[in-house]
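Chain naming follows the written order as A, B and C, and within any one chain the residues start at number 1.
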Amino acid sequence: MSEKLTKTALTPSTHTTPPAKFSHGVRKGNILQVAGQVGFGPAVEGQAPKPVGPGLREQTLQTLANVQAILEEGGASWEDVMMLRVFLTDTGHFAEFNEIYNEFFADLVEAPSARTTVYVGLPAGLLVEIDALAVLG
Amino acid sequence: MSEKLTKTALTPSTHTTPPAKFSHGVRKGNILQVAGQVGFGPAVEGQAPKPVGPGLREQTLQTLANVQAILEEGGASWEDVMMLRVFLTDTGHFAEFNEIYNEFFADLVEAPSARTTVYVGLPAGLLVEIDALAVLG
Amino acid sequence: MSEKLTKTALTPSTHTTPPAKFSHGVRKGNILQVAGQVGFGPAVEGQAPKPVGPGLREQTLQTLANVQAILEEGGASWEDVMMLRVFLTDTGHFAEFNEIYNEFFADLVEAPSARTTVYVGLPAGLLVEIDALAVLG
């Protein structure tokens, strides 16, 4: 009875090409999944992606901006996000990360997203990675 | 054609305030996402949250109770859970964790949830963190 | 108004019994969740599961085959996958993993899945674990 759903890749123009055959984000029906984003600055033709800075603040804000660009590409906003998975590399970053996070989300209107924060290994130079699940509608 | 879905924060009264602007759980439509829960005991006014005990058993049972409280706040039960993400800190805990897990879920009627278990870093004193995705209806 | 959804366990005959009370995969409505899969070969009666080989290539291909068997058991294919979570143990494996991944997914027709890759601890002998979220329809 239901019509066929289409899966759409979400590829903001600011994003560097993924390093493998995956999408920065996909949307199908009212489900939108954002791939793990890191603090890479806007894509520069012919250059390998690199983090915007060595510090947690710059990387976190850039990572969140990268997630947001994908949400917007798919017609969603932070208000639609159900879950943010946060991967940090150092438990010592938790308090500072939360400060930055709270500033960033100060103006949320709807219920804030759920979140899980764990400490993992990331490629050299990266301090934070974030992915997101959104439900639109 | 479909009506606007509302995202609702799920905040059991037993839960301590999240350390940042995120929700312990959110529900939108028939999707319910529980944030990463740990073995913190019930909130005590004016006290920082702390784990119920140093051992894996106490922490795991409290963590599962904390997940369950959020599911119930959103009108769901373990039967609705599709995925549990389990974060342990030590591969040596796997067998004991599974024993506790099996006891806890002995009475499940429907298909048990899927699960992924990986070993990560957690804040000092925490041995286990669990989050959950449920589909209601 | 909507009919009751049933949650179905997805248990390919090739799979070893899960080490605890969880399902290799579950489907409810149009949501399908695959549990964390590793490079275990097909189940052999009376034998503990073991990885197909010590190398990243064999384990990755077997892991992907194991994910695929669960997708197919639930009536889905790689085209329906929204998110793959990849857990590696060594950042030094990233480039080789991506090569294998790209070969495996060379023939995808629809938008490739989103993906998050992080580096965690896994039980001894395992180099990769992957789980998947699919939306059918």
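Please note the rule applied: contacts are C-beta pairs under 8 Å (C-beta built on N, C-alpha and C of every residue); 3 or more make two chains touch, one makes a residue touch a chain.
Predicted model only: the values in this text are computed from it and were never measured.
Peer 1: If each chain is a node and each touching pair an edge, is that a line, ring, star, complete or other?
Peer 2: complete
Peer 1: Rounded to the nearest 5 degrees, what is the angle of the rotation that puts chain B onto chain C, matching CA atoms?
Peer 2: About 120 degrees of rotation relates the two copies.
Peer 1: Using Cα averages as centroids, what's the distance between chain A and chain B in whole Å?
Peer 2: 23
Peer 1: For chain B, write out the residues touching at least two other chains, lowest number first.
Peer 2: Residue numbers touching two or more other chains: 120, 133.
Peer 1: Touching chain B in the complex: which residues of chain A?
Peer 2: 30, 79-80, 82-84, 91, 94, 97-98, 101-102, 105-106, 108, 110-120, 133, 135, 137
Peer 1: Going by the contact rule set out above, which residues of chain B touch chain A in the complex?
Peer 2: Of all residues in chain B, those touching chain A are 2, 4-9, 18-26, 28-29, 31, 33-36, 85, 87, 120-124, 129, 131, 133.
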